[in-house]
Amino acid sequence: MVNKEKMKDVQDSPAAQEEELHRVGIRDFKLPLLVADRANDTQPVVATANFGVNLDKNQRGAHLSRFVELAEDYRRSRFTLHSVGEFLRDMRERLESTNAYARFDFDYFMPKDSPLSEKAALVDFNCGFGGLLVEDKVNIWIRTEVPVTSLCPCSKSNSEGGAHNQRARVKTRAVIDGMVWLEEMIELIENSGSSQVYALLKREDEAYLTNEAYENPKFVEDIVRDLSASLKEHEQIKDFVAECVSYESIHNHNAYAATRHGTFWDRLEEF
Amino acid sequence: MVNKEKMKDVQDSPAAQEEELHRVGIRDFKLPLLVADRANDTQPVVATANFGVNLDKNQRGAHLSRFVELAEDYRRSRFTLHSVGEFLRDMRERLESTNAYARFDFDYFMPKDSPLSEKAALVDFNCGFGGLLVEDKVNIWIRTEVPVTSLCPCSKSNSEGGAHNQRARVKTRAVIDGMVWLEEMIELIENSGSSQVYALLKREDEAYLTNEAYENPKFVEDIVRDLSASLKEHEQIKDFVAECVSYESIHNHNAYAATRHGTFWDRLEEF
Amino acid sequence: MVNKEKMKDVQDSPAAQEEELHRVGIRDFKLPLLVADRANDTQPVVATANFGVNLDKNQRGAHLSRFVELAEDYRRSRFTLHSVGEFLRDMRERLESTNAYARFDFDYFMPKDSPLSEKAALVDFNCGFGGLLVEDKVNIWIRTEVPVTSLCPCSKSNSEGGAHNQRARVKTRAVIDGMVWLEEMIELIENSGSSQVYALLKREDEAYLTNEAYENPKFVEDIVRDLSASLKEHEQIKDFVAECVSYESIHNHNAYAATRHGTFWDRLEEF
Amino acid sequence: MVNKEKMKDVQDSPAAQEEELHRVGIRDFKLPLLVADRANDTQPVVATANFGVNLDKNQRGAHLSRFVELAEDYRRSRFTLHSVGEFLRDMRERLESTNAYARFDFDYFMPKDSPLSEKAALVDFNCGFGGLLVEDKVNIWIRTEVPVTSLCPCSKSNSEGGAHNQRARVKTRAVIDGMVWLEEMIELIENSGSSQVYALLKREDEAYLTNEAYENPKFVEDIVRDLSASLKEHEQIKDFVAECVSYESIHNHNAYAATRHGTFWDRLEEF
């Protein structure tokens, strides 16, 4: 019934409207990856990926199945920040484009010892690699979301008992020149909050962290500024965006602060 | 081209597999509603609705467009808990079924004055009406999600400085016999936390609430037990489920407690 | 217990790290709005809003409660694209900043008559207004997500029976100079798919639309190019991004195409 | 500062309101698991887990950190349906409760060859294991979400060109007595749609599947009834719920059908 010889390559026909498209691809594509892990060589993750290329004004459609073939070829090897660059160049060749874009998002685990009882348990961090290849220029970035505790300086200053505090989420995207471990980014960011977050805490750990946060009150603005100072000092980190969303315990909406460095993300409103 | 006279009613043809289906309908259907408001007669909301009926073993398909026609007929009138019963009986008649199910979820707003500065602002609560008509029996319920602050008793007891606290979400579903305002349910639930949550707070209000929560430490278990005691005392409230999810400020996962009364939801795992 | 006179304005104290922040504000704030409606003067919607300002390097924190007061003052009046500009200028004044940003997202309803049976029912469109005021320059935009049917040209060309088709979502953000109705944007976008989407369809309407889509096969690339041509012709529409996500019926991932015009969103990767 | 000896076990103190709670635990806890894989011994997945126990009326709180310790102990071993039972008994012992509940949800991958070109690629399926131990009785279940294509019989019957079709999602929960592979459940469900869904399809495969779906039109009701017949025949499958949600290409809402067998989930409205 299906005759392969007679089939038309409709994608290769001319476009009705001649316009170059800056991005054609697939979205919300799930795949397992073996991400380079500082402690264990690789960590198996489940990534959600978006891939895209630019499309010449004379070509009607991109051959989307080639993105899936490409991903199949990479998912078994150790995946690093460096792999993103190779992936983009390979994508550009297979899709016959001039530009290429890829984004991989995944939950990444890192063991943390509780501060006093020293019991280890995994904490999850939503992370990602991304890259954009435009003609001769490639930018590769790391994306990280790190939960921290934020404790309100104003509430502490004006209250007799305690201070409101809450889980906050610190999000960064940083263009990397060279090599940076995900673990390195996470540790750098974890120190920006009033205190860190753990999966496993015994009574004494909980007391320790409660005290620590109370001694270290921070607005979202403080968190973002402190983080920004650290990111700027890091040699491999180039342009970045850093933001903090704090799930205020006294409101049903969230507090927010963001800063950026360089021009790469200068129009990115929120992420 | 389209000839209406010749069209087959494929839904009315016999089913290949003879099996009664307990639920056939539409999901994720959005519609505006005018919900009865205690203070302002009606409040316009945007509901997401699921509708369904049982389907006789001899009928291949339900006529799904009738659900949309039904919703169109109700969306302009004042919608109360009582309307859900009428809606279900109407649905059963139009769909020629014996059972009927409807669920309406929406954000509902209630003005709250900040505790000291007494400035009014709207707080949003995710609410809903639902109902199930099975042969001669109808159950109508209210669903409410109310944000509160929870402050950890263990952290307060063992720490020198403050106590970890966070936003928590108290969720209930309660079968109602008679009439209960959404506002009444919300107020009843708001009192179960360590302190309430507001949209607009000035410095003095923030200090007041910080102190209040600190004087009133509660585990998720305490919140659910206190709420359960209040719900049981209410004459119009019959079977219910009450749960509390607390977005712990020291963890990246949530604490959870739930209780139920009566048998209506005795197998509902989580909601 | 709470002594208002003695309270410190901690936000107004100097920042430990002197860095101007490009955005400080609140996120995920819900409020009801009365949006200007072409047919009915106003339509009540439930918006999720993000507000932000830049923060001087010498100021530790922004006074976030002022955003809530601002929103309270606008929610009762007829809200138009023009209101966004006023809102931004007002925000800048109250927050004593030089820049201001606002984004309002909401489900908006528009009645549509089914194509043959001519029965009216509401269709929901996820829409939004947004704006950015940077010193002397203000940009105001409309955001629209419109569901359409996409029918695959390659599948039609190579198959004997039918062609795979699916729901697709066409998303645009367009900077507006002057006045454009939400309804105008929606109608313009609805015509870019293989066929339109309705809430209420009778048998003859379903057949009509099935035929229409089959006669009008389109890749996501075709949809975006046709839409781009229409957007460019519109005098009030300036810079824009247009994208189409198609929930492929033969895959568990989505096809995607995007184009942009002008430089306003030239680094926005996906939205 | 933190003195472990003096710390109070606040959870072990008596409850202010004496009420047994049917469920206390943690939710949205992420952990990596090594799930038993039919082809490759184990598959690393990233699970989101909910754990809970009942709480005696005299005890104020559960010791939530024990859930995290428990999960840490299981995550390195091969995790099967059988492991869920062991996990529940272990949980009951560590938490000193009479009942125990666990739910693990994860994306699971299975390679599929495209139907004609026979190219292999991974397809993702959202799956899960769950279990409930109530005194002497344990029920263990598998949860599966399988994407399929649904092609509308009414649209085919009444249209000249093609038929509307779309991605649909078939969801089941089935209590298992004995052993069933995730792969076995997935394959059984995949056959219930108009055609199957793949990650990688070349032109000839797309044509083949387009034809196949066109020859096999199915309402959501047909899909659920056919699946129900298969599930009932399977010896290891006991009580179940099966539902299909179809993302209609001609609407912005979804069609839905559900059936259930046995009494275990007889009040579960939707999932």
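Should a chain be cited, it is by its letter among A, B, C and D, assigned in written order, with residues numbered from 1 in that chain.
Please note the rule applied: contacts are C-beta pairs under 8 Å (C-beta built on N, C-alpha and C of every residue); 3 or more make two chains touch, one makes a residue touch a chain.
Just so it is clear, the structure is predicted and the values come from calculations on it, not from any experiment.
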item: Proportion of interface numbers common to subunit B and subunit C (over half same, under half different); value: same
item: Chain separated most widely from subunit B, comparing mean CA positions; value: A
item: Distance from subunit D to subunit B - Cα centre to Cα centre, in angstrom; value: 24
item: Interchain centroid distance [CA atoms averaged], subunit B/subunit C, Å; value: 27
item: Approximate Å spacing (C-alpha centroids) for the pair subunit C, subunit D; value: 34
item: Numbers and ranges of subunit A residues touching at least 2 other chains; value: 1-2, 7, 29-30, 124, 154, 158, 160, 199, 201, 203-204, 207, 211, 252-253
item: Arrangement of touching chains [line / ring / star / complete / other]; value: complete
item: Touch list for subunit C against partner subunit A, complex; value: 1-2, 7-8, 10-11, 15-17, 19, 21-30, 50, 52, 55, 60-62, 64, 101, 103, 130, 132, 153-154, 157-160, 219-222, 224-226, 228-229, 243, 245, 252-260, 264-270
item: Subunit C residues within the subunit B interface of the complex; value: 1-2, 4, 7, 9, 29-32, 43-46, 65, 68-69, 72, 75, 106-107, 109, 116, 119-122, 124, 199-204, 207-208, 211
item: Sites on subunit C touched by subunit D in the complex; value: 123-124, 147, 149, 151-152, 154-156, 158-167, 195, 197-199, 201, 203-204, 206-207, 209-211, 213-215, 247-253
